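Note that chain A is present in both complexes that follow, paired respectively with chain B and with chain C.
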Partner chain A sequence: MDKIEIDAKELHYTPLNQQIRKAVHEGAKEITIRNIMGQRFIADGLKGGVSLFLHGVAGGDLGMFMSGPDITLYGNADHAPGNTMDAGTIAIHGSAGDAVAHSMRGGKVFVRDTIGYRGGIHMKQYLDKRPVLVIGGSARSFLGEYMAGGLILVLRRTPDAMNDERGIGSGIHGGEIFIRGKIDNNCVGVGTKKDPCSGDEIARIIPLIHEFAEKFGVDPAPFLKSEYTRISPASARPFANKYTWE
Partner chain B sequence: MSIGTVPLKFRVTIDNKQCMACARCVENCSYGVFRMENGVVRVSPRHCVACHRCLAMCPRDAISIEERPVDYRSHPLWTTDVKEAIFNQARTGKIIVGGMGNALPYPVIFDRLVLDACQVTNPSIDPLREPMELRTYLGKKPSHLDLLTKINGDVELISTLVPNLKLETPIMIGHMSYGAISLNAQTSLAKAVNEIGTFMGTGEGGLHESLYPYQGNMIVQVASGRFGVDINYLERGAAIEIKIGQGAKPGIGGHLPGEKVNREVSVTRMIPEGSDAISPAPHHDIYSIEDLKQLVRGLKEATEWKKPVFVKIAAVHNSAAIAAGIARSSADAIVIDGFRGGTGAAPRVFRDHVGIPVEAAIASVDAKLRQQGIRNEVSIIASGGIRESADVAKIIALGADAVYIGTAALIALGCRVCGTCNRGVCAWGIATQRPDLVKRLDPETGSKQVANLIHGWTDELAELMGAAGINSIESLRGNRDRLRSYMLDEALMTVLDVKSVGA
Partner chain C sequence: MCGIIGVIDRKRELMDGSSIRQALSRMNERGSGEGAGYVAYGVFPEFKNYYAIHVFFDNIHESKGAVDALLSEWGTIVHDEEIPTSDHARIRKVHTPWRYFFKPDATLMPRSTAPEEDIVTYIVMRVNTTMTGVLIFSSGKNIGVFKASGWPEDVADFYKIHEYKGYIWLGHNRYPTNTPGWWGGAHPFNLLNWSVVHNGEITSYGTNRRYIESYGYQCTMFTDTEVVAYLVDLLVRRHGLSAEMAVKALAPPFWDEIDRMPEKERLLHTAIRLTYGPALMNGPFAIVVANENSIVGFTDRIKLRPLVSGEFGNRLFISSEEAAIRTMEPDVEKIVMPRAGSPIVGRLIA
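Coming up: the complex of A and B.
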C-alpha cells in the first residue's frame, strides 16, 4: 500500500504518530492526514523517504527531530515547525508561530506567509548539511538570532513589512540571512554585518526562489527582479574578546 | 607597565643532588615549566599550575612545588585572590574565566552533618552476611497499582509501568562532554560504568562512534545549543537529559572555544571545525514550565516513550518550586546541580557567587515534592561537590535517589584539580584534545581506576547502611532521622529538617 489516509479527528498526537510510523514501516510512500486540529509533534523523530500531506492546523513542533520525510501542510502551524530537524522538507501553506526552524541542522522549511519571533534561531550547518528557511511574507523580531549556519531568505511580499522588527541576526556567528529590499540599521542586532547583495550571493538564492514559487504556485518574477540585503556575522567568534583567564 | 609582575603562584625547585637529568619532567610538562640546558634542568616557575604531572613522573623525587612562596601583606578582606583579580581586570577590562568548581571557602554542609549507627537496641547488619540492597531504579513510580485477580487465583498487573533506569549502585557519572574532556577520558568512564552497571552522561557534545558499544549506559544530553542532537543520538541513549542549567554557572550559557573544536569533536558536535560552539543561556524554545513540558514530551514522542527524560537545573534559591513544576512536566527525574559543581570554564563571578549548596537544595526539593504528594513522579539526582561515600549517604538521607559524580571521577583518572582545564593542555590527558597528551591516558587503566573508586564507595555505603541497621537504599532515602547536624544554625537545620547532635 503506497498511499494511506489517516483521519486525525479527535486523535491524540501519540496514537496519530503511531499510525504514521506504522504506515511508514509498512512501506507507505504518501500519507494524507485530514482533520488535524492542533495536534503537536506530528512526524516527531520520523525517518525515511515518505511524503506527508497534512490538512488542518498543526500544533507545536511539527517535524521536530525529523530526518528525511517531506511534509506539505495545508493550513497554519503553531510554534517551532522544523525544531532541531535533521533532513527533509516542510512546506506550510499558511503562517507559523515563534521559533520556526529552531536549531535546525539540515533540510528545508518553506512558509508561504508570515512567521513569529525568533525564526531560525540557532540554525547550524555541518559539512553538506545546510538548513534553509524561506519565508514568503515577513518575520517578527530576532530572526536568525544566534545563527551558526545555514540560510534564511525572507521574500517580504509586502515590502514594508518588517520595518519595525528588531534584533535581526543578533549574535549570529555563521550562516546568512537574505531579506528582500532594504532593512533599517536599527533593525539588525549586535554582531551583524549588513550589505547589499552581490551577484554571487543572489545566485545562491535564485534556486530557492524558484522552489518557493513552484511549491506555492506564485509567480517568481517579482522576487527575481528585486534587490536583497544580506545579513552575516561580523565575526565567527563574537565572544572571543570578552574573557580573560584567571 | 604600572602594575608590574605579581608574585609567583608556585615555586618549583629541583634538587640537583637527586636529579639524574633524565628529562622526563621536560617531556611531561605541557605548560612549559622545564627545559634542559647543558645537561641541567632549568625551570620557569611562573608557568607552573601545580598539576603535579612532573612529580608523578620523576623517578628520583627531585622536584618540589611550593604554593605562594611570596606573601602579600595578609589582609582578611583584600586577599591575594581579590587583589590579583583586580590586577587582571585592570589590565584587560574583561570577564575573568576559570576552571573547576567554586573556589571560595564557604562552609561545607556535608562536613557539619554526622551519620547514625546502631548500638544495643537495634542490631546493626553485617553486609558480608546479609544481603544489602543498593540497586536503584530511576524514573516515575506509579502512585498506585491496579491488579486483577483471576478466577484461578493468579494476579495480573493491569497498570502500565513507565521505563526506569536500573542502577546497581546509586552512583553515576555526570555529564562531561567530548570536547571538554578527551575521548580517552570519556572511554575510561564509559567502560567503568558499563562494568559496574551504572550510567554516565555524554554532556552536550554528541556521542562519539567509538562509544556506541557503551550506549546502553549513556544518558544523552540535550542542551540549549542542541549540539550533536539528532534522532540517531536520541535513540542510542539509555535516557535523555535536558540541561537547563549547571551548578558552576547558573543562568548563563556555555561556550566551547573554536580551538577545542578539532576534526573529531566537530564530527560529534556536528559543527564546522574550529568554530565556536555557543550554547545560549536559555533554550529558545523553553521560556516557561509549559514550554519545558513541550520539550520533554517532544523528546518522548520522538523516541516512542521508551526512554526516561531527566531535567537538570542548577541549585538556586527557588529550586524547590521549580522542581515541583518539573515534576509535573512528564519528566522522569530531576538533577539538581549544586554550586560546587565543576566545569571546564566558567566566569569566576558566577562560579564563586551564584547558586546554593546541593545539600540544602536536595532537602528542600524532596520536602516540597512530598508536601505536594508528587515525590513518586520523579527521581532526584544530586550532583556538584560529592567527594566521598559519606557525602553519598548523607545526600540520600536528605532525599536524593542517586548522585552524579564528576570531579571525583576525574581525580580517579589522575586529575589534580589544578583548575586550568580551560587552557586545553591538561598534562593528564583529560581536559585536552592534543593527541600527544590524550595518549597519556590509557582507557583500560583509566576505567579500572574509576570502577575501583565506585566499587569502593559502594562497599562503604553498604557498610554505613549496615551499621545504621538499614539493609536497603530505599530505607535510607529521605531518612533524616539518621542524620544529625553538628554546629549548623537553626535556620539551616529547619531547611534540612535535621536535629542537632545530642537531640
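Coming up: the complex of A and C.
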C-alpha cells in the first residue's frame, strides 16, 4: 500500500480528499490522482511525508493549509495554490491563476510558467518559517502585494515580460522579491526599495535556481549568470504614518 | 462569486446547449443554486427576422392581455407561445415564461434613425417599469435567454436547452450577494441583441445608473449587471464605438499610464475618459458581452475577478475557470488569462 492511484473523474472534492486522507492514514507514500478537472481544495490541511502526483487542471486553493506533503501537478492550477500553506512543496508543471501562494507561511511553491495577478500576496514569515515562491515565466501586477515575509523569485524566461505591470511589492513591509534582469521604476509599488542584487543576496537564491532547474528539467546556467533586481520594504515600518500618527 | 462562460463559433457552426450545461455545473462552487441562465444566438431560424420578446408572467390571465395590446399598438405579433419547459426539472415554476415573435411598425417612430430598435427598447422599458407581474427579459432577433432560480443543470433541464442550437452561447451561475435571487435577477441580462453575464459587483452602479437613465434607459431589475447591458447598447449601438474602445471607456487605463502613452494614443484615451467618465465602472468584475456578431470578455482594471480564454478550431471560449472550458472542449488550446481591462474579442468570420 505504499503507492495508490485515485481516479478523480466526476468526483467531488469532498470524497476525493477523504480518499487522500484515508490513504495517508493507511501509510501510503505515493498517491497518484488522475483526471482532475477543476476540483478545489485538493490536499487541504494535509499533513505528513507523502508525495502526491496530480494529473489535470487543479481548482482553487490547492494545498491550502497543507503542512508537509510534496505535490507535483502536471497541468495548470486555478487561483491561490499554496494558500496559507505551512510546510511542504508544490511544483506546478504549467501556469497558475491569481493570488498564488496567498498568505503562505512556510514551504515552497514552484511554478514552471506564468502566474496571474497578486502572486505572493501577504506572504509572511516567523523564525525559521520562511515561505518561498519561484516562478519560471512572469507574474502579473501586484506581485508581493502587502508582503510581510518570505521570498519571491521570478526567473522571467522572456526578459522584457513584466515591464507593463504595476504595483510590484505595493505595501510590502517584510520579505524580499527577486526579479531576473532590470525592471522599470513605473512597475514597482509604493513603500518599496529597488536595488541591483548584491553577492550575499544572490547566494540566497542560487539553491532555489538549482531546485527549480532540477524539478522542471531545465538548464540552470542562464539563470545563474544573470543579474537580478531586489525589491524590499523602503523601511522597517514604511506605513507607520498611514493609519496612525505618533 | 459567480461563474461565467461564453463561446462563439466564428463560422456559425451550431452547438446545442448540452455542453455549456456541463461546463456551468463544473463551476457550481461559484454559485448558490439561487440563479442560473443561458443565452443562445441563432436559435429561432424560422422567425429570425422578428424580435423574440421573452416575458415572465406572474399570472397569465391578469397580465397577458395588456402586453398583447401594447405590442399590437406598436406592430404585429407574428406568433406567440408558452416557452416549453419540463415538469421534471427541480425548478419551482413561479413565473410563466412566454415568447412573442414581433414585427415593429417602423412608421410609428418616424424621426428615429433606428425605428424598430427604438420601438422595442421603448416597449421593454414601458412594460418593465409600469406593468406589475410582467417582465421582458429577452428582446433580440434570433436570440433566446433561458433563466430561472436554481442550479445551472436544473435550469438547463427546465428549459430543455439541449433542444436549441446556437452559434454563440453564454452561461451564468449566480451567487447573489447584494440583492435576493429571483428569476429576473438571474443572468444573462439582455436588451435587443446585447446579452451580458457578469461576475462581481459594479460599485459605481449609482453613478452609472444616473448616467444611463439620462439617455432614457430605466433600471428595473434590482441588480448592477443590468446597467452594463444598457451602457454597451449606448456606447456601441447608439454612439458607434468599437468593442475595444467601449471597453476602454468602461475599464480605462489609469491616468499615470495614459500620461506615458505616445501623443496620439494619449489624446484618444484622455478624450475617452473625459467623455465617458460617468460610464467608468469601478469595483471587482469579469464580464462577457455578446451581440449577434461577436463576444467580448474583460475584467476590471486591477483584476479582482478571474477570466480565462481558450481556442479550438473556429471556437473562442471565455470563462471564469479553465476547467469549465475544458469540460466543453477537452482539446482546447491557447489557454490565456487576458490582462486586466483588456478586451478579448471573438468575431464571426463567416
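Just so it is clear, the second predicted complex is superposed on the first by the 241 of 246 C-alpha atoms of A that agree within 3 Å, B and C clash if a C-alpha of one lies under 4 Å from a C-alpha of the other, contacts with A are read in each partner's own complex, and residues count from 1 in each chain.
The criterion applied here is as follows: contacts are C-beta pairs under 8 Å (C-beta built on N, C-alpha and C of every residue); 3 or more make two chains touch, one makes a residue touch a chain.
It should be emphasised that the depicted structure is a prediction, and the values quoted were computed from it without experimental measurement.
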Taking the superposition as given, does A:N163 touch the first partner, chain B, the second, chain C, both, or neither? neither
Does chain C touch more residues of chain A than chain B does, or is it the other way round? B
Based on the superposed arrangement, let me know which partner A:R40 touches: chain B (first), chain C (second), both, or neither? both
Which superposed partner A:G116 touches (first chain B, second chain C, both, neither): second
Go through the superposed model and pick first if A:N76 touches only chain B, second if only chain C, both, or neither. second
Look at A:S51 in the shared chain and tell me whether it touches chain B only, chain C only, both, or neither; answer first, second, both or neither. neither
Between chain B and chain C, whom does A:S226 touch in the aligned arrangement: first, second, both, or neither? neither
For A:S103, using the defined touch cut-off, is the partner it touches chain B, chain C, both, or neither? Pick first, second, both or neither. first
Regarding the shared-chain residue A:R140, is it in contact with chain B (first), chain C (second), both, or neither? second
Overlap of the chain B and chain C footprints on chain A, listed as residue numbers: 40, 60, 79, 118
Provide the residue numbers of chain A that touch chain C in the complex, in ascending order. 37-38, 40, 57, 59-60, 76, 78-79, 95, 97-98, 116-118, 140-142, 164, 166, 186
Interface residues, chain A side, partner chain B - complex: 13-14, 17-18, 21, 40-41, 44-45, 47, 60-61, 64-67, 79-80, 83-84, 86, 99, 102-103, 105, 118, 121-122, 124-126, 129, 145-146, 148-149, 171, 173-174, 236-246
What does chain C use to touch chain A in their complex? 26-27, 29, 254, 256-257, 260, 302-303, 306, 308, 321-324, 326-327, 335, 337, 339-340
Which of the residues in chain B come into contact with chain A in the complex? 85, 88-89, 91-92, 94-99, 224-226, 229-232, 234-235, 255, 257-258, 266, 270-272, 275-276, 278, 280, 284-285, 294, 297-298, 301-305, 347-348, 419, 422-423
